[in-house]
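Which chain is which? They are A, B, C and D, in the order written, and residues in each are numbered from 1.
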Amino acid sequence: MLMTNAQPGHEAHDFDLLNDPEQVERIEVLLSDSASRNGFAKGSIFALRLSLHEAIANAFNHGHEGLPTDLTVHVRLEIAPDQIIMEVTDQGPGFDPNSVPDPTLEENLERGSGRGLLLINAYMTRAEYNAKGNALRMVYAKPE
Amino acid sequence: MLMTNAQPGHEAHDFDLLNDPEQVERIEVLLSDSASRNGFAKGSIFALRLSLHEAIANAFNHGHEGLPTDLTVHVRLEIAPDQIIMEVTDQGPGFDPNSVPDPTLEENLERGSGRGLLLINAYMTRAEYNAKGNALRMVYAKPE
Amino acid sequence: MPASESRIRVKRSGQVTQVEFLDRNILDEGNIQLIGEEIARLIEAEPTPRILISFANVEHLSSAALGQLITINNKVRGKSGQLRLADIDPQIYEVFTITRLNKIFQIHQTTADAVASFA
Amino acid sequence: MPASESRIRVKRSGQVTQVEFLDRNILDEGNIQLIGEEIARLIEAEPTPRILISFANVEHLSSAALGQLITINNKVRGKSGQLRLADIDPQIYEVFTITRLNKIFQIHQTTADAVASFA
């Protein structure tokens, strides 16, 4: 069994995802619907959907860079009335998130990329990589 | 991680469900959509939805009979291109599925109830209870 | 929620009361209960009820719906009336054959056939 | 799929080329690439481009969309043109403040304000 303590409204969703925009959108819509049913506000849903989108894009674009295009990314959503956890795991070599340049520095401001992790960190309550750096766990607690 | 072998299109969904027709319908629609995306035919989706509906109804009506109404039923859906597994687990005492009368016998034919398990067994590839009798696992293999 | 939103459409044609479902899915027990009560009132209103239930547009049907149909059948019989079912698509019809309820109900291909069959 | 279904609506108003998005969600990189190419053609068509991009109706915006806006900004500048953004709802505007891109782009409350701001 997945959820150790049965609680009304709790739900979890796991996907082995191909790099297909339609599938990604479907998961984002499922996330938005479930969050809305669990009383998360419009601004929270905006933050959640954006963060999930950025994490999945990173998994395929960076995690699987140079790897076979049929590799899947695992997405797990855990939705409860008080918080939502999103995990995105790729099959790539991982990376060191501390080595990523700060896109808000004057000299980086006009770069064409490098803002995904910034947005995730700004919007999520917590966002942590595993040691290898190929799995991102994002926690969003419902604001009081 | 849930699915040991990552395979494109595989997905799993877990719900701690209250006895709320709207929630039940939502899960049935999710099942139908996912099955359809995975190439299951209309007749298969009919069979799957009906079986899931009957199993959930049994969990609340019989499994939780006389128990607090806020008890949840756990529903797990595992969807893959070749088969779909549905598990419905209640928090009741369980029962002996072999003790259930055959509703197709002449003398039972006009009974007002007792046809859910018959339909599940007719439509699913396999349907098995755990030893306690409070968890039903239904497997539906896509017809060749 | 309005107290008495109807879940069926009723049409009189001669001595026959034709019933059609507004929902595509006859699954939820609460709904099925309400449908049963509506049809029971139609039966009560007739000295000798001739009820035709059409399943046109019905896509899903649960065992609770089958139970309700048996209750309806008994009520109709109780008043020496007649019940006919019609417009059942093959998928739904299979539910009647698996449960052997095709032996209990008089099922006709079309509404016209069913209307013609009343004594 | 039609080869060149437009994802933007373009309106000329004086010397200003106004662009509006047809999608509510500017998230997918493939789409964003296509939008970028459409706007690039508008920039190329003008000697001194005055481009106004309206975000009315836009509900979601990814970092890839921000990257495309920077590319567009550079193309406009390369032709000594001007780029303005307008009609950005507060939720989307927050994305610009978190990324500090509100320091790069000239953002106006309304389309009218933005039109009036062109030199």
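Here is the rule we use: contacts are C-beta pairs under 8 Å (C-beta built on N, C-alpha and C of every residue); 3 or more make two chains touch, one makes a residue touch a chain.
None of these values were measured; they are calculated from a predicted model.
Enquirer: Using the contact definition given at the top, which chains are in touch with both subunit A and subunit C?
Expert: Both-contact set = B.
Enquirer: Pretend subunit B isn't there and tell me which chains still hang together through touching.
Expert: Drop subunit B and the rest splits as A, D | C.
Enquirer: Quick one: subunit B and subunit D, Cα centre-to-centre, how many Å?
Expert: So the centroids are 49 Å from each other.
Enquirer: Could you put a whole-Å number on the gap between the CA centroids of subunit A and subunit B?
Expert: One centre to the other, that is 30 Å.
Enquirer: At what distance in angstrom does the C-alpha mean of subunit D lie from that of subunit A?
Expert: 26
Enquirer: Tell me, which residues of subunit B touch at least two other chains?
Expert: none
Enquirer: Provide the list of subunit C residues touching at least two other chains, using ranges where the numbers run on.
Expert: Expected reply: no residues.
Enquirer: Provide the full list of chain pairs in touch.
Expert: A-B, A-D, B-C
Enquirer: Show me the residue ranges of subunit B that touch subunit A in the complex, using the header's touch definition.
Expert: Within the complex, subunit B contacts subunit A at residues 1-3, 6-18, 30, 70, 72, 74, 76, 89, 91.
Enquirer: Once bound in the complex, which stretches of subunit B touch subunit C?
Expert: Residue positions touching the partner: 21, 24-25, 28, 42-43, 46, 49-50, 53-54, 57, 61, 103-104, 109-113, 115-116, 118-119, 122-123.
Enquirer: Enumerate the contact residues on subunit D facing subunit A in the complex.
Expert: Against subunit A, the touching part of subunit D is residues 25, 27-31, 59-64, 66-67, 70-71, 74, 91, 95, 98-101, 103-104.
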